[in-house]
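In the part that follows, the structures are each spelled out as structure tokens.
Okay, so chain A shows up in both of these, paired with chain B first and chain C after.
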Partner chain A sequence: MLAEVGLAALLFVFLAAIYAVVAAVYGGRHHADQWVNSARNASLLTFPLLLLAAVALWAALLSGQYQISYVWSVSSPSTPTFYRLTALWGSQQGSLLFWSLLMSLFSTAALLLNWRTHRRLMPYVIAYLMATLAFFVGLSLFFENPFERYWLLPTNEVAQTALIPAGAIAPDLGRLAETAQGLNPLLRHFGMIIHPPMLYLGFVGFVIPFAFAMAALASGDLSTNWIKATRRWTLVAWLFLSLGLLLGGRWAYDVLGWGGYWGWDPVENAAFLPWLIGTAFLHSVMIQENRGMLKTWNMFLVIGTFSAVIFGTFATRSGLISSVHSFARSEIGFPMFLFWAIVTLISIGLILWRWNRGELKDDHQFANLLSRESLFVLNNLIFVVLFVAIFWGSFGAPIISELFFDTNITLGTDYFLRVTPPLFVALYILMGVAPLSAWGATSLRRLGKSLLIPLILTAIFLLFIFVSGMRDLGALVGYGIVSLAGFVALYEIYRGAAARHVSLNENWLWAVITLFGRNRRRYGGYIVHLGITIIGIGVIGSTVFQQETQQTLAKGESLSIGDYSMRYDDFTPAIADDGRMMQIADVTVLRGGQEIARLRPRIDVYPTTPMTIAGSYSTLENDFYVLLVGWEEVSQSTATFKVYINPLINLVWWGGLILIFGTLIAAWPTETLPIRVREQARGDRHAGASA
Partner chain B sequence: MAQATWEKHTSAEIPSHLKPGKNRLKFLIGGLLILAAVAYLIISGTVTGARFFITVDELLNDSTYVGQTVRISGAVLGDSIQYDSEKLLIEFTIANIPQKFDNLAVALREAVSNPNVTQLQVRVENEVKPDLLQHEAQAILTGKLDENGVFQATELLLKCPSRFEEDGPDPSSLNSRSEA
Partner chain C sequence: MKYLSALCRGMIYHAPTIMIFLILLTAVFPAAAQSVTDDDVNAIAKKMYCPVCENIPLDVCPTQACADWREAIRQQLESGSTERQIIDGFVARYGERVIGTPQDPFLRALSLLTPWLIGGAPALAALYILLRWRRSGVANVMVVKPGMPVLSDDEFRLRLEADLKERR
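Right, the complex of A and B next:
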């Protein structure tokens, strides 16, 4: 029953989306409002229907309908309710459905919020959104159907189909329940539960700016309308993508047990690539808004972002790249590749067409190398170079070597550790300098003058950490460059507030608050810069100064690392509620002879695989991170531990929170007049203009 | 793709909007310098980071690979796994899996069950035994073949398709009940 409901809902979404594309394009071309309205109504139908499909799958997961193969593969009778809910995105088929659901949520919101304000773009926005949705729902229907069920054929074979094959009967449900496997233990972690939804929200969020950009190209409204309409959408997508990346790193750090959070794995990189181009896009739209420049370039960036999203999804889900994270090899590889190629080619074709007609001419020219627009272009350039370098390392080199040289060459972490740091350094330098430059032109002297105070602050900061015992030259340079960007952000906020304090006689707190209120985007951006600075300091600290040791200890013995020591107290096996065995070592962490924490690093033994769970004691200064790696089987009198000291790693997570806070400030809706008032004002203006 | 967008930008956009003269030359030289630096970075990174990703057969049949850092992939033989947790030393044997296959799980099963498949002994030092190091897992290793024919790995990645990518229930288990 649930399977039929879900299937029917998916089929109707598919048809509604295709109808919406046809009706919207027809209505747009013939200026037939009733067709465009009809297309909108069909589009608005997709979200409730997809929600119905998702609810059907949730209900099946909760009630243990193991005849549905998806339910069988991600849950078992012992799976707790909470993990049954999150199992919706636990594997390929469900996560594709979830992806479509989120995409239609974004589409619905964008249609409702921008319907009146951007009427001219709407037919084509609908067409692009619904074509994309139809593709993904089509994948669910025809390739990775979450509602396929197991059937026992008359020949005594088991078939897995959505519809009942002739003469087939349902297999014994009790037997099915017994053999069900349960959610992959690696995915049973808080970070993994909210990491995929965040990442997907980030991914699908970029479809909105993309659809508006394409609508601008298709409709010929090439003003900054599409940028104004999508600025917040881009920020929201960027916010979720950043959050998804951070949570993924946190999950790796907590669960994968290698003491790190970023491994330059192709799948991680696939999620990082859209972030890079999306960030470039967030910056370069400012130039188009302020100076009417880079119109073509912005189009390329927004297409590049969406294209990177689709490519990343394709690479991860098709089994193209061998990675610890990737999904099973799947049938959807070819259709996804085709979709990616078509989307990219159509988009570039549209740009070239408009460009050829001279409709993407810029209003200004680059006059000065130190102008803000030139520095922004440089920033864009470096983001794109980072994109190219990471793409080449993860996908380009392996694919090209296989296609053209009949060998298979992969680039290891050596490559990324060599290529990316200079580029990140350049980005941090620009993050420090660009906010101080002026539009049009800046003289070197003026720039130097405004940099003076942040430079002094940086020098004091460096002196402080030098005196406190840090002697690594590379790290000092790194800290200097990264912190300069942060001091510039703080200094700019101070300058703005000081101006208000002096000229308007506001008290300091009020001056800062009104400053942010008046220009949320600019000052929210500075907070984001501050967050990125703090992440940078955390990354340098945890990469350059990580310490590790491993030792076998008898009960009562201690090991020491840095100024910590750790004593092995006891070994206490236990059995968890869901039946898994836990091998737990009890240890005490000491610092300067003082007991500061008791930790319980452990190994969980699931039926399919053991899983190492680290114990960690976390302070802002560093993390004490311990893994239980072995023990004497019989008496457990000795156990072996691997211990890491990860300095400043918490700054990565704290910086992430600051980044999110800043993005929220920048994206927060401004109060606007009610639509009726605005439309009246617009009507008056039009009347005035025509009179 | 991304390369193309960037080229488009330099060749079509910036120069056409700049008056010929000093400024244009400045941007051109600056751009070229940056491009040269980036090209150097990526090429040198590729040279240091490149690893041939080959099969066990290819590694053993071509003497040019001896002593060279390569990446190999093979199926783990569960019985061979030896782990010294005090010294953090992992030793095991992998069986060759072909370069191209349709289904990883099937390829792994064939590799571990066929005694005629080439096998290779692997040694990994200073690594905690990964949770996924089990019978029939796919091991992806980076390292060098030493003169004793043992592969000294510095990096060990594992995939377990049979564990995480379910093929569906075993028909026999369902049939027996329904017939009974």
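Right, the complex of A and C next:
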């Protein structure tokens, strides 16, 4: 019954989305409001229907309906309830349904919030949103159906179909439950509860600005309306994507057992690519708002972001590139590639058409190489080159080498660490300089004067870390560049607060609060810069100064690394509640002869794969991170450990939290009515209440 | 001459001791050369990739195939092979995919230079457009001279500047 409900709901969503596309385009072309309204209603229907489909699948997962092949493949009778809930996005079919659900949620919200204010764009917004949704729901219906069931055919063969084959009967549920596979061990981690939803929210969030941009091109309303409508949506999508990337890094650090958080894996990179282009768009869109420039470029960036989302999804789900995420391989590669190619070509075609008609001409031209808009363009270019470098390393080189050179190359960490650092350095320099330049024009002298105090603060910081014992020239230069960006952000906040403190006589705390309240976007942006600075310091520390050793110890023996030592105490095999075998080593960590922590690194043995779970002792200074690599099978008298010291790694997570906080400030809705009107309205309310 | 004969006599007298010392020396040095640690193996394995699970560095991959490869590296180190020889050997047997950047000069150049060429083209185009715009008439209107107020549509920033000036 649950499978039938889910199937019917998916089918209705598909039909509603197709109808919405046709009705919206017809209504838009013929200025027929009733058709546009009908398209909107059909669009609004998709979310409750998809929610119904998702609830049906959740119910099937919770009640152990193993006849549904998806339930059989991602859960088993021993799977805890919590993981049955998260199993919705534990494999291809479920994650596609979840993707569609989130997309319909975003689409519904975008339609409801912008219906009155951007009526002219709406028919085409609906058309683009629903075409994308119809495609993904179509994938679920025709290629990766989460409601397919197992059937026993009269010929004694087993079939896996959504509809009941003639003469087929349901297999024995008890037998299916016995053989059910359970959730992929890699996904049994707290980070996996929220990492995929955050990433999907980020991905689908970028569909909204894309749909508005395309609607602007299709309707001919090429003013800044589409930017105003999508500014907050872009920030929200960027926020979720950032959060998804951070959680993914944390998951890799905890679960993948290689001592790091970013392995330049193609799937990690596939999620990072839209983030890069999206970040470039967030900056360049300010130029269009403030100066009416870069209209064509912004269109390309928003298409690039959407295109990167679809391409990344295609590349990682089609098996085009193998990686640790290859659990999501399937047959949907060709349709996804086709959709990506068609959407990209149509979008570029629309841009070229409008450009050719002279409708994308800029209001101003660049007049000064040090102006804020010029520096933002430079920032955009670096983001694009970074995008190209990472795309090439992850997808371009492996595919081209196989297609044209009859060999198969893998560009690994050393490629990315050769190519990307100069680009990141350039981005940090611009992050430090650009906020101090003015729109229109800035003289070099003025820019230098503005930079003076942040430069002095940077010099003091560098002197401090030099005196503390840091002698690595590369790291010192890196810290200098990164910290300059942070000091500029702090200095700008200080200047704003100081001005309020002096001129309006506000106390410092209130001055800062009101400063942020009056211009959330700018000062939220400075907090984001501060977060990225802290991430940068963490990345330099954990990359340049990481120490590692691997040694085999007998019980009671110790190894030394840095100013730590670690003693192997004991070994305990155990069986967890969900039936997995655990091989646990007990170790004691000492520093300066003093015991500071007892850790239990372990290996979880699942039927399909072993999982290495690290033990770690974290401080702001560094992480002592230990992995159990092997042990003497019979007596467990010796065990092999791999130990890392990861300096400043926690700054990566703390910087991430600051980045999220800053984005929330920047994206927080602002009251748009003038103060006078608001105060009058408040006065009227008080008067009404007292009466 | 006297010293030479004394030295010869001394050598003959101490011959057994010298022989034992030399035997011990030859026994100890090869043993020292053969003591390969896990860290030595991992230093090379870190630069290579798992043959089974692509994109996982060899030093951290838990599969049996990777354990076998690490053991092969250990044996080659013990037999005196250098890091270069070991990596070249793996590349010759399994292809360029076992390392993070290709060894073949053409593929290496293709890998490392292509992103700069692709990225550099739009960068140069943008620079050209910027310079062309700057040379156009609009630029003349917006030249900033020392002492002139800076053209900016950011009123909030200007207000802050004024407030700061008052404070000074």
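Keep in mind that, in the parts below, the second predicted complex is superposed on the first by the 660 of 691 C-alpha atoms of A that agree within 3 Å, B and C clash if a C-alpha of one lies under 4 Å from a C-alpha of the other, contacts with A are read in each partner's own complex, and residues count from 1 in each chain.
Operating definition for what follows: a contact is a pair of C-beta atoms (placed from the backbone, for glycine too) under 8 Å apart; a residue touches a chain by one contact, two chains touch by 3 or more.
From a predicted model like this one, the values you see are computed outputs, not experimental measurements.
**Q** Do chain B and chain C fit side by side on chain A after the overlay, or clash?
**A** clash
**Q** Examine A:Val385 and indicate which partner it touches, taking first as chain B and second as chain C; both and neither are also allowed.
**A** Touch status of A:Val385: both partners.
**Q** Classify the contacts of A:Ala438 with the two partner chains as first (chain B alone), second (chain C alone), both, or neither.
**A** It touches chain C, and chain B stays clear.
**Q** A:Pro610 contacts which: chain B (first), chain C (second), both, neither?
**A** The answer is both, since A:Pro610 touches chain B and chain C.
**Q** With the two complexes superposed on chain A, say which partner A:Asn519 touches: chain B (first), chain C (second), both, or neither.
**A** The second partner, chain C, only.
**Q** Regarding the shared-chain residue A:Ser503, is it in contact with chain B (first), chain C (second), both, or neither?
**A** Second partner only, chain C.
**Q** Is A:Thr407 in contact with chain B, with chain C, with both, or with neither (first, second, both, neither)?
**A** Touch partners of A:Thr407: chain B and chain C.
**Q** Look at A:Gly304 in the shared chain and tell me whether it touches chain B only, chain C only, both, or neither; answer first, second, both or neither.
**A** first
**Q** Using the touch definition from the top, say if A:Gln34 reaches chain B (first), chain C (second), both or neither.
**A** A:Gln34: touches no partner chain.
**Q** Look at A:Gln365 in the shared chain and tell me whether it touches chain B only, chain C only, both, or neither; answer first, second, both or neither.
**A** Both chain B and chain C are touched by A:Gln365.
**Q** Looking only at the overlay on chain A, choose which of 3-11, 21-29 or 39-47 in chain C hits chain B.
**A** 39-47
**Q** Can you list the residues of chain A that meet both chain B and chain C?
**A** Correct list for chain A: 257-258, 322, 324, 365-369, 381, 384-385, 388-389, 392-393, 397, 407-415, 418-419, 550, 552, 610, 612, 640, 642.
**Q** State the interface residues of chain B toward chain A in the complex, per the touch definition above.
**A** Contact set of chain B toward chain A: 1-3, 5-6, 8-9, 12-14, 17-19, 23, 26-27, 30, 34, 38, 41-42, 44-46, 48-54, 71, 73, 83, 85-86, 88, 99, 102-104, 126, 128-129, 131-132, 134, 140, 142, 155, 157-161, 163-166, 168-171, 173-175, 177-179.
**Q** For the complex, give me every residue of chain A touching chain C.
**A** Listed in rising order, the residues of chain A that touch chain C are 257-259, 263, 265-266, 290-291, 322-324, 364-369, 374, 377, 381, 384-386, 388-389, 392-393, 396-397, 400-401, 405, 407-415, 418-419, 438-443, 445-446, 495-496, 498-500, 502-503, 518-519, 548-552, 610, 612, 640, 642.
**Q** Show me the residue ranges of chain A that touch chain B in the complex, using the header's touch definition.
**A** So the residues of chain A in touch with chain B come to 69, 72-73, 150, 152, 156-158, 160, 169, 171-172, 174-176, 179, 181, 184, 257-258, 277, 294, 296-297, 300-301, 303-304, 307-308, 322, 324, 327-329, 344, 355, 362, 365-369, 378, 381, 384-385, 387-389, 391-393, 397-398, 407-416, 418-419, 422-423, 550, 552, 608-612, 627, 629-631, 640, 642.
**Q** Given the complex with chain A, which residues does chain C contribute to the contact?
**A** So the residues of chain C in touch with chain A come to 37-39, 42, 47, 49, 53-57, 60, 62, 95-102, 104, 107, 110-112, 114-116, 118-120, 122-123, 126, 130, 133-134, 136, 138-139, 141-144, 146, 150-154, 156-157, 159-160, 163-164, 166-167.
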